[in-house]
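Order as written gives the chain letters A, B and C; numbering starts at 1 within each chain.
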Amino acid sequence: MFHSRMSDRAMLVVSAVALALGVSVSSMATAETVTITFANWAAAEGTTKPAIDKVIADFEAAHPDIRIKSEAISFSEIARQLALRVRAGNPPDVAQLAGNDTFLIAATGKLEPLGGYLDVALKAELKPDATSGLSYQGKLIALPWTLAPAGLWYDKAILQKAGLDPEKPPRTVDELMTAMAAIRKSQPDVIALAVDTTNRPFSLQSNWPWMATFGADPLGATGRADSPQMKRYLAWMRELAQNRYIDPGRKIGEFRPLAAQDKVAFVWDQVLLQGVIQSASRMTDDDFYKRWGVTVQPAGPGGKSYSFEGGHQLVMFADSKQKKAAWMFMQYLAASPSAIRDYTLGPGASLPPLVRMPSPELAKKLDTPIYQAFTSRIIPTVTTPPYGPAFAAASSAIMAGVQQAVTGTESIDQIAGSMQQQLERR
Amino acid sequence: MMQRATVRVVRDARRVPWLDPMVLPAAGALAVVVGYPVVYTLLLSLQDYDLLGTVPERFIGAANYRKLLDDPTFWQALGNTAIYTFGSVAVAALLGLALALLTESVGGHRGRLARTLLLTPWAVPFVVVAFLFRYMYLQNGGAINAALLATGVIDAPISWLNVSSLALTAVMITNIWTMTPFFFLLLAAALAGIPNEVIESARVDRARGWSLVVQIKLPFLRNALLVSSLLMIIANFNDFAKIWAMTQGGPGYATTTLVIYVYRQAFENFAIGYASAIGVVWLLLLLAFAIAYLRALRTS
Amino acid sequence: MSSVRPRDAVRRATRAARWAAIVVALVVSLAPVYWMVATSFKTELEAARLAPTLWPHEPTLANYRGLWSGSLPFLAFFTNTLLTCLATAVAAVVVATPAAYALSRARFRLRGVIGYAMLVFRMLPLVVLLAPLYLLLLHARLLDTHTGLVVGFATFGLPFAVWMMKGFIDTVPIEIEEAARIDGYPRWQIMLKVVVPLVVPGLLTTATFVFMEAWNNLIYPLTFITTLEKQTLPAALVLAFTGQFKTDWGGMMAAATLTTLPLMIAFFAVQRSMVRGLTSGAVAGA
């Protein structure tokens, strides 16, 4: 009896403890799953959707308590959408952005500064060039995800046929003009130079290095759209059109399949051109390097070469309720070996923003003539235009002027003057 | 006797209600879904409102409207809109009329087939039309230049969408291609509705060919033509997808109509106050036009 | 011995000229549609050629296969568009008909105002209404839903339907209702049982117009729908084929062909009653 009373009480205590333990154990087992919304265009485009879906699935497998809800929004709409959503109070947690859009959204003041999330290890891994251009009002507001600078691609077969040395692409604008004249003569059905002359902020971004190499700075602190340098740039664009070296009005994406058919001699395009050409023409890597090379921009009267960074960044919104999980996802996308292998170097056809590759296998993938040219020679020439809301607003005035120079008949002075007037009116 | 009638009329007049219950669902729904945004737009037009929120919004009264008057791009857009709208509608109406008259006397299966096939352009969604014609208008590689070069009409490719003097015309051609079947359908139906006796008596009077058309048939078509034109003019003012997908309002501002300009102001400059002001002016212009038009229609 | 009279020769010549003109019109009307379909069967490279080919030299079904089994849910786009446009058309006609009947028959003070308001709402710049409408849908939690999209479509569909139905109802002589009115039937029943059966072609015409306008709308789905699986065809065309990487003309034309086909079928199916409706209806007298 004594025994049973003791065991009764013991039983009571034991069961109470067991109950308490059991409750806490079960609450640990059913830790809340957190859902992160990720606004992006990678999932909206056929080329990249399978890859980004896989990366997300891999992340979810590695982190069972985090779910990613991918919101597919088109590249041309995402800035507008995010601006509306920020205003309306329902932004996503994480978003993919690029170029001027990143700074447009930063201007709303609703982006979470990321400096505090970068730990020492990651800070050492990231290329300083990659993060230096991503500050707004002194704070880092975006994590670089992919690097995709632009260079001058050249089709060696076309150069050879025109009697030019396929291993010595033009280094100055004058040499470029001579080369294009030769190409036009020998192969009149080839487009000599592919540049984007549509009227969108992206084309201003893409043409900014050309304006810079002529010494023009239409939006700078002391810059003017009617400066002699800008007029010289506009006159050069007109010369390109009059000699039929360019095909005006085409988006850069519309030139890429033509390049795959050897119908374009020089392409001013980002590192991802290789991926598009190879997927369209089914060329092997070796054949591609035999056919295509890339070099820095031919220098203009200013004497310096420039490039622009067309890669993608990741931002986190200040209103997010799960910042820690969002950061883990962002870090995974940018720096994890599997994401780099499956997305960045895969269909993304871009460079990771890391100083060193996290594995020898990935380091080997980067050891190609094209990637080397970008990493060692082109990336150092990247210049950042004055991104921001003013850039977007000004881009339609400036690109309209460029279009008028290219296809219109008014004098360059007139065009530059009216451009400056419009910029002043803002 | 007379007095009682007067009293009855007066009493009836006092009992005329303000609203009819049958109208309530529609009117109510629209008051919320349209009325609220319209009022909001009016209020926005009086403010300096940055959609990005970089500067706090403030009330500036009629400043947006003053800015509009001095804005050369606004006037250019207005001009482009007038040319695009009235030009396309006029040509489409004429072509539709011509087609209706041409196919009127063709009967039987062949006639029915021809009439059905001629309606095809209207069944193609606008977004598709825009991309399709953009593809066809490409300077190098577009079907239109290829066809013109092959038949020897031109000897160098024309840059349809990238030369300021041509771009508006090119876009209008696309618009006319889409719109003509609408007029064709309407006018063919109206033609079919002309009572036979009228035609017969005209024939007896030896009216033939051209005079038959002008003096007898056209008056019957007048109403249909004018009302459908008004419908199409209103629809064309809102035509965004076609122009945007083809030229984004370029080159320069050659194809920028009011709709494109408003979109750029609202969603690229994020100046939604200014965009709203343009929208209000647009609405007032269209309203004035429609009222004048309908009044002219009614009095004749 | 030729017995051809000059008048016969003239008549034959005019008939030949008339047919020639019709053939030219047919070619102009159909050539772009042919081009769209032909391109949809071309490979990516052939579709992008600088010297286009008149018909596909290497015909392929790859573009269509890509739509069906590709990474983008094309079938979902299609059903989304179909459902939202049908819902808009039906809702518009159902709500508009009583209103149109009242505007046509009843006497009430706000009659003129409401009638003109319908016309005015037709003229509204949709682009400008975008931001306030977005906020409205947000507060009602209807963003990124098909219901919200139908509400957006209704902003232009409903006024249009009221205006058109009023025109059709106006052409029904009021005497037809006299008998039923004298017998004391309530107005709803008179409308449903006497008037509506007489304007069925008008109903179909109005529904078709509203359907087509909703189908054609690009800007609302682009702004209000953010989940790709819920997107409609016009927006999907823009998203899917003019991405950052390249413009896939072949794929776009395949999607375009499939987008056009149902509209064309619907259009031709109701075409005959549309003609009947239009002759007796709105455009005969405003």
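One rule holds in what follows: contacts are C-beta pairs under 8 Å (C-beta built on N, C-alpha and C of every residue); 3 or more make two chains touch, one makes a residue touch a chain.
The structure presented is a predicted model; accordingly, all values stated were derived computationally and were not measured.
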> Between chain pairs B-C and A-B, which one is joined by a greater number of C-beta pairs in contact?
Replying inline: B-C
> Which chain's centre, taken as the mean of its Cα atoms, is farthest from the centre of chain B?
Replying inline: A
> How many angstrom between the C-alpha centroids of chain B and chain A?
Replying inline: 40
> CA centre of chain B versus CA centre of chain C: separation in Å?
Replying inline: 15
> So which stretches of chain B touch two or more other chains?
Replying inline: 51, 140-141
> Where in chain C do residues touch two or more other chains at once?
Replying inline: 48-51, 131, 135, 238
> In chain A, which residues are in touch with two or more of the other chains?
Replying inline: 80, 84, 191, 258
> Inside the complex, what are the residues of chain A that reach chain C?
Replying inline: 39, 41, 43-50, 53, 71-77, 80-81, 84, 88-90, 189, 191, 251, 253-254, 256-258, 260-261, 263, 272, 275-276, 280-281
> Once bound in the complex, which stretches of chain B touch chain A?
Replying inline: 50-54, 71, 73, 138-141, 159, 161-164, 247-253, 264, 267-271
> In the complex of these two chains, what residues of chain A are touching chain B?
Replying inline: 80, 83-84, 86-87, 104-105, 107-110, 191, 198-201, 247-250, 258, 389, 392-393, 395-396, 399-401, 403-404, 406-408, 422, 425-426
> Given the complex with chain B, which residues does chain C contribute to the contact?
Replying inline: 18-19, 21-22, 25-26, 28-30, 32-33, 35-36, 39, 48-52, 95-96, 98-99, 101-103, 106-111, 114, 117, 119-133, 135-136, 151, 154-155, 158-159, 162, 187-188, 191, 215-216, 218-219, 233-234, 237-238, 241, 249, 252-253, 256, 259-260, 263-264, 267-268, 271, 274-276, 278-279, 282-286
> Which chain C residues qualify as touching chain A in the complex?
Replying inline: 44-45, 47-51, 66, 70-72, 131, 134-135, 138, 143, 222-223, 226-228, 238-240, 242-248, 251
